[in-house]
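Sharing a structure with you now.
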Amino acid sequence: MTKPFVEILAATSPVPDDVVELVAALRAWCRPHVSDPGLGPPRARLALLPRAAGLLDAVSDRSTPLGLVTTAYERVEPALAARLDVVVVRGRRRPAGIDADRVVHLATGTVDTSRHPPVAPALRREWRALLGLPDDLVVTADHPADHRMGDAHLPSLLAVAAAAVVRGPSLSTALALGTPVVTDPVEARRIGAIDGEHVVVAAPTDAHRVAEALGRDLPRAAALGRRARRLAETRLDLRSTARAVAQRLGLISSNQGPYAGFEAALRSLHTPLGDPVTWRATGRLAPLDVSALTARAVVP
Amino acid sequence: MTHPDLRPEDQEWLHATYGTEPRPGGDAAAPPPASVSPESTRPSTRTTLRARVKRAVAPALDPALARVAAAVEARLHERVLGETHALAAEVQVLRAQLAAVAPVLALLEGSRSRLADLERAADAARSYAAVEINLELLKGELRSFQSALDRLGDAIAPGAGLVAVPARFAELRERVNAVDRRVGQIDRAAALRAAGASPDAPAPTPVGHPFDYVGFEQRFRGDGKEVLAVLEERYLSLLAEHQPVLDFGCGRGELLAALAASGVEAVGVDTDAGMVEQAQAAGLPAQAGDGIAWLRDAPERSLGSIIAIHVVEHLPLPLLVEFLELAASRLRPGGVLVAETPNPMSLVVLGNSYILDPTHVWPLHPSLLTFLCERAGFRDVELRFYAPAEEYHLLPVEEGEAPGLAAEINDRIRRLNGVLFGPQEYAALATAPPA
Amino acid sequence: MSGGAEQATENLVAALLRSGHRAEAVRLPTAWDRVRIFDAALAWRLVPVDADLVIAVNFPAYFVNHPNKVVWLFHQHRAAYDGAGGPWSDLGSDPDSLETRRILTEWDTLALEESRALFAISELAAARLAGFNGLTAEPLYHPPPLFDDLHPGAFGDAVFCATRLEGNKRPGVMVEAIARTRSGTRLEIAGRGSLAGELQTLACDLGVSERVEMLGFVPDDELVRRYADALAVVYAPFEEDYGYVTLQAFRAGKPVITAADSGGVLEWVEDGVNGFVTDGSPEAIAAAVDTLADDRALAAKMGAAGRERVAHLSWDPVIERLTRP
């Protein structure tokens, strides 16, 4: 089964990197291409800028779903907005005049949450004991040098820390790991985190002291870490953003056969494919229909 | 399976870098507390019995023991040998089993590294997908861009397309300027008639000023010999191809001398009588007087080239316009006007050397001079920029001084240098139109 | 681990029926070993429940997927949380166990987050949920079984306990305590379990086998009688979530002797007011028994205080709270 072709409408100005990544992530459900007569009519269209070439023609084609990528500061005419099936907004602010339920936000600083499963504070404590790390370990990653330190190792540190003071690119990773995080107001706003709900906001001079206190308060750390992970899953994960866009463009078919409920159950528990649980469960179902199951196992 | 960020190598690194001694508790399941068995607390009765017997029997036993000992020793020796053989055989078996297991272990190792490879391949595939997408988007942009250019070409040069646009545009420009010039002449004539003056009377010559220009030049213009060498390098061959040459504002005649030395036919004119006398004394063809009047008197299409070094910025606008128009008409077809003047786009010039000279009238932006030349009737105006103020340039940073940011910082420094310390002078090379 | 929740489920269904709702209990078999621990959770996830309201009371039932899900948490799988590394858990602190525990924690958190409302059976259970999963639950207290039948009576010469004979309930401590009393008070233990034989042997070894009566399974009416005739109730389990025995004892007007690490029991027992909170050692428990044996008036006073302490318990507010939209 080939994936449907989605026509990409671009313009002469260069496409930003995060939009390129989003379109790349959409390849899980479609083949994004610029217009090409050899590919036939598209299943859906996605315009990458409000002044993309061909957008006006696309608007008049009412039978094909249409999406638009824009920023909060661009003006989108009401006539165009009414016709759009999804508006992907880069950044957190919603542009005026567009319904909230049509909007999908593309965050700055995305992270692949399936690569960094969350670790609750109680279990972090066990890991620290196992590895001989100090029990009140506070990790500081707020300097550009920290993020170059060895990409392989910073997530490991963040996964076992009692609390962390984080700014910069690793903030998304820290939130995905469910780390109790202390950060500054600018970073919190950048990522869309709320003080007391997803992170603790403090001035840089107080940050370490606040982090130590947070690490000692287990219920508070557990609640913060849990909500931080939810934030990462819903708003900072590129794949889930892409999935939301694909869904609204009608690229994810609802009828997927007998295994749909099973996959939905695993997905609702945020269980990635590589998890031992998934292998065990799919192993149980394999004797029923091997071919169908393995084909579907590729869809995230 | 372990957490993807806490694989064995990550655990090792964490422990090695930050850990102290691992606290106990690494076993899969703590065994249930063992119950105390009453038997282990009762003393053994067998050792006490044996001791008693030994003490009683000892004296009678020794000689007998000696006899028995030898036999026992031999039998013991046999037994030990037998057991050693058995042990050796067991070791063989174990070794064989180990050898059998070794390839399986190697296979497992191989699978592990294969898994790592797969992970790496997955990463590569992901970035490849992003690159592919980028390519698609670039293709789209390129297509849009091409079609825009095609439309532009058709708009300006219908039928011929983009390639014919420059020539077409030059033609149109010249036509518009010619019309403008005619309109300007008619306006001027009408104004003069209204003022009661004869339309043919020459414009009044500018009053000579008491400013010690000679002394000023000596101090600020720079070493005469150096200046001449630069002029020769820039223009000598061009002037040699377009004879005869008029040096408009020839001063003491250094350039005239160089031209004469190269066998180029030239004449110079300057308002400063003193300087002209010096030139004449050296046998150079310099004339004192107003250069514009000289041009007015000259026949049309008689000159090969006119060179005006740092002159045009001293002329008020009406005079400048007249000079350019006269130059255009007095040059032969294909003749060249070389007007070199300070470049105000380089801000160090504008704020430093340009304002130094109080007789400068107006900073001539290259586009302005080009425009005026075109309006005056010249066909092509080429701009050449010289002498960037390199001694002022901000130096680029090394990669080590600003890791990751060096490229961006250097780009900005380049731009800044371009604006602040760019070429300090430029020459407009205007070609007279063909017949 | 399922004894208390079993009874509570039955009583909950009965209470719902009494309040006029149509209610039905749904159960699935569960395997508790670490290899199969996720199977039942996943099974619950796929169970299609057509009901207006689903009330889940323990692991893995709360994995059921329903838009109107209310969780009244009796038990998580404690072997993966505070019970890990302990004698009745197959999960420890090695990396594999930690990963299993991590996945289970995340699954629990997700499943419990889905609920429209989240309750727990006690402050202690709610605190455990907050510390391990970062979730806030409202404590919702309910009456123990036989609440309407239990009644006060005379203060006899035996202390009573009704409990499962397993390690976490620590029945051995009671036997050792009785051996150390000087008042000759007897001990009656109702209940079955794997430690029954060991306790009998222990009583013999300590020379108190005549004073310790192992009753085995006791039917309800006899249970009510034993409670009514007891001098006091000894109940000192390890970190009990709720503790029906405490509430039953108080309903029967008897003081409760417990230990400082008995968990949820301490939400009810106040040292010196309606019982004794000892350090859990046999000597301390024996001393408390002797105090009451010598002073039956004190026992009566404490018992009365205990009965008042639980007077407010009722199923009606529980049903109302659970079914409130």
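Note that the chains are named A, B and C in the order they appear, and that numbering of residues resets to 1 at the start of each chain.
Everything that follows uses one rule, which is that contacts are C-beta pairs under 8 Å (C-beta built on N, C-alpha and C of every residue); 3 or more make two chains touch, one makes a residue touch a chain.
Everything numeric in this text was worked out from a predicted model, so none of it was measured.
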| item | value |
| --- | --- |
| Overall pattern in which the protein chains touch one another (line/ring/star/complete/other) | complete |
| Chain at the geometric heart of the assembly (C-alpha centres) | A |
| Selected interface, B-C versus A-B, where C-beta contact pairs are more numerous | A-B |
| Centre-of-Cα separation between chain C and chain A, whole angstrom | 43 |
| Centre-to-centre distance between chain B and chain A (centres being mean Cα positions), rounded to whole Å | 36 |
| Euclidean distance of C-alpha centroids - chain B vs chain C, Å | 75 |
| Chain B residues counted as touching two or more neighbouring chains | 1, 3, 6, 11, 25-26 |
| Chain A, residues touching no fewer than two other chains | 117, 119, 127, 129-130, 275-276 |
| Set of chain C residues in contact with two or more other chains | 93-95, 98, 102 |
| Contact set on chain B toward chain C in their complex | 1-3, 6, 8, 11, 25-30, 32-33 |
| Touching residues (chain side chain B, partner chain A) in the complex | 1, 3-6, 10-11, 13-15, 18-23, 25-26, 126, 129-130, 132-134, 136-137, 139-141, 143-145, 148, 404 |
| Of chain A, residues touching chain B in the complex | 8-15, 20-21, 23-24, 27, 32-35, 48, 53, 115-117, 119, 127, 129-134, 137, 144, 152-153, 155-160, 177, 274-276 |
| Chain A residues within the chain C interface of the complex | 117-123, 126-127, 129-130, 218-219, 221-227, 261-262, 265-266, 268-271, 275-277, 280-281 |
| Contacting residues of chain C [partner chain A, same complex] | 38-39, 42, 45-46, 65, 81, 84, 93-95, 98, 101-103, 105-107, 109-111, 113, 127, 130-136 |
